[in-house]
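Have a look at this one.
Think of it as A, B, C and D in the order they're written, each chain with its own count starting at 1.
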Amino acid sequence: MVSPYYILTIGLGLAFLLGLLGKKLSKVNIAVIMLAMISFAAISASWVWQFAFGNAEESLFFSAGFEPPFSIALKLGFQEAIIAFMVNIMGLFSTLFLWKKLHKENDKLAPVLLVLFMGLNMLILTRDLFNIFVFLEITAIALGGLILLDERKHAASAGFKYLLASSLISAVYLLGAVLVYFSTGSLYIDDLILGGPVAGPMAGIAVFLTIIAIVLELKPFPANGWALDVYQGAHPAIAAIISAGVGTAMLFVLHKLMIISGPMMAQMITVAGLLTFLFSNWLGISQRDSNRLLGYSSIGQLGLIMAIIGMQDILGDQFAFIAMGILLSHFFAKAGLFWISGIVGGSKLESFAVLRSRPLLLLMFGIFLFALSAFPPFPSFYAKWDLIFALSDAKQYLFITLILFGSFFEVVYLIRWFGIVVKNTSEEVKEKLPVNITQIIPISVFAAALLFFGYYGQHFMNVPINLNYIPLIAVAALWILDFLPTWVKNTLLIVATLFYGYIILPQLHDFAFIFAIIFLLGAFLTLLFGYSYKGKRPGFYPLVAMMFAGLILLVEAKDLFSFFFAWEIMTAGSYFLILRGKKSQPHAFSYMLFSFGGALLILAGFALAHSVTGSYTFDALTMVGALSPLVFIMLAIGFLTKTAAIGLHIWLPGAHSEAESDVSPMVSGILLKAGVYGLLILFMRMGHQFVLGLDLMVVLSWVAVITSIGGYLLASVQEDMKRLLAYSSVGQLGIILFGLTLMSNLGWLLAIAGVITHFLNKTLLFQAVGGVYSRTHDRTMYRMGGLIHRMPITFIFVLIGIISMSGVPPLVGFAGKWLSFNAVLSKGYYLQGVGMVLAGAIAFLYLFRLIHVPFLGQLKDHLRKVKEASFWILLPQIIILMIIMAFSALPGVLLEPIGSAVGKIFPTGGLTWQDSFLPFGSRTAISEYGYWNGTYVMVITMIIFAVLLGFQMLIQRRNKKVGQFNIVYSAERPSTPETTHAGYHFYAHYQKAVGFLIAPLATNFWNWVSDIVQSIANQIRRIYNGNGQVYLIHLVIYFLICFFIFNGGL
Amino acid sequence: MKLSVEHIAILSGILLMAIGLWGILGRKNILKMIISFTVFDTGLNILIVALGYLPGRTAPIVDGPVTVENLSQVAVDPVPQALVLTAIVIGFGVTALMLVYALKMHEKKKTLDINEYTDLKW
Amino acid sequence: MLRNSLILGLVAVFALALFTIFSEYKTPETLNRTAQYYNENEVSQVGAANVVTAVVVTYRGLDTLGEVTVLFLTASVIGFILRRKKKGEPVVKADKGSEILSTASRILFPGSIILGVYVFVNGHLTPGGGFQGGAVIGTAILLIALANPEFAVSRKVLHWLESLSGVTYVIIGLLGIFLAAGFLDNRILPLGDFGHLLSAGAIPIIYSMIGIKVGAELSGIITDINQTKTNLS
Amino acid sequence: MITFNIVLLIFLSVATISGALVAVTAKKTAVAILASGAISLFASIFFLVLASPDVAMTEAAIGAGLTTFLFFVILRKTESHHAEK
């Protein structure tokens, strides 16, 4: 292997030589630095190569030819090689990123930069305690120099705070190292291991001092104000170096020193790291300055990795994978984000909106943010999975809780930022953001590296991986083909969906098969709508593909990991889709928060279940023991966030209504079913769980009843068509949940049938409403009226949709009604049954308004020229209509396959089917309490309908047509629809009496929670008052507290 | 009370460090903070050298009574001296950089009061 | 007031924490194994009469290289910061030093330089070495600069001295890998007769390079700082 | 000899610590700088007594000499402005 001393020689030699070059040769100057950085990277790359693919062995490089401890030795192992390579890559690309700056403005930075990275290499490689001190100081001085040389507005004061803090820390470290020498006679780290953990009180103090110094160097909360100021005050490219380069090296130093620390020290590091992770992210929520926000995030991530280093004994074999997964994500993403910040130049979160003028940069910005948020397919996702599982196996529940809360807070500000950047309307982007190639290359390489390690990293996981990558490849392909016109991409995706269905459906059975049909058919139906769009719809198709890929992977999943992977893919895809709506940013944000919170609960639930059973498949959920009710609750809440049970529903109305016209049916008709699928899997495996003798299933059944009543009540007072439909979904999902909680054959039959009919009805209605919107550009019902004249076909679709949905014979919705009564009766849930009847009644209250307000009544002036919706909008509706009619006429076609799937779980109490005398293979369903034949009902209803219609047409022939707007007040035409439209505020009178039922309790509750979280954050971050001296006081207090805790107390 | 050369020196070092820290945390003037820093550093250096001292021994230099043969019997430990030597030089470097920072900060705001440099916070 | 007492309390607790070191301290009877090894083997292995020098330059040479790097960084940063002239800035003349000082310094100057050189050249024999010698040279420049504020050593010369000595140091270090047992090994040259100027292998050269480099750097810092004027705008 | 050293050290300790107190509490920065320079000088005597001539030389040359000088220069640069104000 190439001796690491070459790095030292090249770095120092060139830095010394550069002093000779005058101003005139500044070009040479930078070229030389660049070459040096390339050689660093090349040397360390050769090490990595030899360790990974050659047969290199860990080796020591003595200085002066004497063995340690008598001389300083550098150790080069695989770990060292990797970390050094990372740091050198950072150096190389930092130089490239700063190229223009170094070249034009400030060539003096260059030698300092070179020495800094040389020092970091040595910091990583050296095995001598005192030598670490020397290179710590070199790092500190070089950074101090870089910050100072860059003459930004607040750089000097920030750098000074940094210098003060790091000098104090170095002094502590120096004392520690020297005391180690006095108590052991050696400064060679490996000597200290050989002798076991160093013994004696003096040695204890010595080890404590050395390690606490490195911990302090890693900015533990709350002794880290100085670091935040530096992140904010320094040039973003330097902040990137601090966060990714220096942070990585420092973490490695800590890792190196862990071998001399005892278990108690390890515990302290863990606690310090986790508190830092939690609080940094928490305080970050209130932060509005982008660089400082990245600083909070950096400190948080470093804290997490520090904790992982402290927990390496707990984590066992997976330690390296977990640490590297999170470190790599942090490394690439944080450097990339700081660099993007450098290009953007502004310091407000909103100023990043200029990225919209550079789609590629925006994409990479998204990649970085989602990698930090630990979404698949990034390394942090896999690492976090393994971390939570390992901690759960070790029963470290407190640590899990801290990590989950920290992750959640982190996602809050990262995703909010993403939303602001992509969608915030207050910032208008007029000019194209100027960028140059030397800045783009580093960012692109780092983004690509994240994707690469995301793919590569999973092979090191703890679980057997069987992910299906085909759908994800489709996503990537659509990104590449994004330049094509809409209709081409639409066709491609439809064909791909159908083809994939053709391949995958035969492999699926029972519920997975049923849900796969829903997802695939749903994709097909909703995509047809897409042909009505012109232009390119940039970015739309990859996102749609991503969501559907997640959904289809979800039903393909046979183990916990694949399931969770798919769940997160789906969540991310649907979040992006919702975010595309014009005013959807806050709604998409709250959707993401609930989904992510739910996902964390699912992750923790899975981990707990695994720790009891040791299984990675769904069989893990068949666990028994004290933990099982807890797991049940966590998973149930996790899935219920997706199905928007009452209390967890507040994201749904906004998200579904503000989404684009063809996205609404996707997220409402199809996406919600993912939560149902999760509940299905959960209930199937865990069944009834009891807390203090209370059956959780009964609790959930009440939740379901309240959800459906609440959802319908809220739907009835909406004036916005899509919001109405959205609340209606809340209610209907309540009914589906209710069916599931019955835990009986009929109950599940009801639920699955409900899933399918809800899918059909909601897709139909959202598409119809989307058609109306495409013509009127309005969703507020009372501003419309009389559309039946202009859009008769749409009217018919809406009519059929609401009839089917309200559960009136003859349409398929009635099947649900009929089943629910049967199921309730056979289960004996009478009280809940009453609630469901009530909900059914309320459903009428809102459903008829969808016809009444926009379609009936007088045609408004401004709608006179409106045309029928276009063919591509109507086509999917026609198909759905046909399916609904088919199912209505022959419900057996729908119910019998479901029944057979349900029958495998609940063998008794199902329906029996009997051939009838009617044609088309019509069959009669027979339950305990009665029978029902859809065809029969259909035929009879049709006859009655035809008779009545004929009769009415007969007598209406003589009716006189009344012209519109005969009502003119004082020769003035009323212009405000609010005062003249009967449909406006239809239930105003009842609201006085029962208005409390629709009070926004859940919204208020969550607002209250978020206010509390934010105000606590605001209070705590007051400690960072900007005074360097106060920061030092924090540092000293932190040090002293740790000192007395670990050295025998006061 | 232990009364020997090394004990007195150790104690003085500790006191110097404490007094230095007092100045670092307490003085408002940036220059005085840096001065306190040098006091702190000096204390630390005294402490280190004192800890490495062996009573009655001389400097590890072959000269006069100290010969190659009896070096290990009569001379003190050379390592802490080497370390402190490094530490002093590094300390000088840090101090100089801090002073330039002070100059630069003064250039911007015309004051050396640390309380005035709180633009970055929260 | 509250803050002052808090700080005083903190400092007291800090002193208490450090005091545990004092109370745990037991005067060692003998040298520890590293020190023992150095004191026993240094003469035969490195050949310097001053064991501290052997430790500084050879055994722990990497530390010393780092030390030189620290000074280099500081000198560069200070130079860059202070030399960054703004256009149209008048050169402000500092007060002249007193006559006595300037005369004295002129007399002392050559002596100090020679003393400095002596200190670093003899680093392996007597107390002192590159850093001390360099500092003495720096002090000499300082005296002159104090006496005569317009005095400036040619920056070009300083740069050349600094760069060449630094590069030589690194190259000598590198030669250790090829010609002897490792980086910074002083045995690339014969150890020579113990106790003579030309002994202890490469140590006199290394220490001279360090001395020149440190001297040049410190002189640079001094002239830079002395010649800067604050921005009076 | 040892007793002499002890007396010397006690004297030195008292001097150093009083110097430190002056350096830290002095109103005038110049006094503080001088005091810190004095501490460095005392420290170098400490080092001599502790059998470390190399350290003593370094401390005297760098700590007492150069550092003090640097402080004074910076002080002059920052105060010259106040004088004009």
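Methods note: contacts are C-beta pairs under 8 Å (C-beta built on N, C-alpha and C of every residue); 3 or more make two chains touch, one makes a residue touch a chain.
Quick caveat: nothing in here was measured; it's all calculated off a predicted structure.
The chains touching subunit A as well as subunit B are C.
Centre-to-centre spacing of subunit B and subunit D amounts to 11 Å, using the average Cα coordinate of each chain. Subunit B and subunit C have Cα centroids separated by 16 Å. Between subunit A and subunit C, the centres computed from C-alpha atoms are 55 Å apart. For this pair, subunit C with subunit D, the centres built from the Cα atoms lie 19 Å apart. Each of the following residues of subunit D touches two or more other chains: 52-54, 58, 62, 66, 70, 74, 77-78, 81.
Of all residues in subunit C, those touching 2 or more other chains are 7, 10, 14, 21, 25, 28, 32, 34-35, 38, 50, 52, 56, 60, 63, 66-67, 70, 73-74, 77, 81, 127, 131, 221, 228, 230, listed in ascending order.
Shown for subunit B are the residues in touch with two or more other chains, namely 4, 6, 11, 15, 19, 21-22, 25-26, 47, 51, 55, 59-61, 75-76, 79-81, 83, 85-86, 89-90, 92-94, 96-97, 100, 102-104, 106.
In summary, the structure contains touching chain pairs A-B, A-C, B-C, B-D, C-D. Subunit A contributes residues 130, 133-134, 137, 140-141, 144-145, 148, 154, 156-161, 163-164, 167-168, 171, 174-175, 178-179, 181-182, 187, 225, 228-229, 232-233, 286-287, 292, 1021-1022, 1024-1029, 1032-1033, 1036 to its touches with subunit B in the complex. Only residues 52-54, 56-58, 61-62, 65-66, 69-70, 73-74, 77-78, 80-81, 84 of subunit D touch subunit C when the two sit together in their complex. Only residues 4, 6-7, 10-11, 14-15, 17-19, 21-22, 25-26, 47, 51, 54-55, 59-63, 68, 71-72, 75-79, 81-83, 85-86, 89-90, 92-94, 96-97, 100, 103-104, 106-107 of subunit B touch subunit C when the two sit together in their complex. Within the complex, the subunit B residues that touch subunit D are 3-6, 8-9, 11-12, 15-16, 19-20, 22-23, 26-27, 29, 31-32, 34-36, 38-39, 42-43, 45-46, 49-50, 53, 55-61, 75-76, 80-81, 84-85, 88-89, 91-92, 95-96, 99, 102-103, 106, 110, 112. The part of subunit A that touches subunit C in the complex is made up of residues 3, 5, 8-9, 12-13, 15-20, 61-66, 69-72, 108, 111-112, 115, 119, 122, 126, 128, 130-131, 134-135, 137-138, 141-142, 144-145, 148-149, 179, 181-182, 184-187, 201-202, 205, 1033, 1036-1037, 1040, 1043-1044, 1047.
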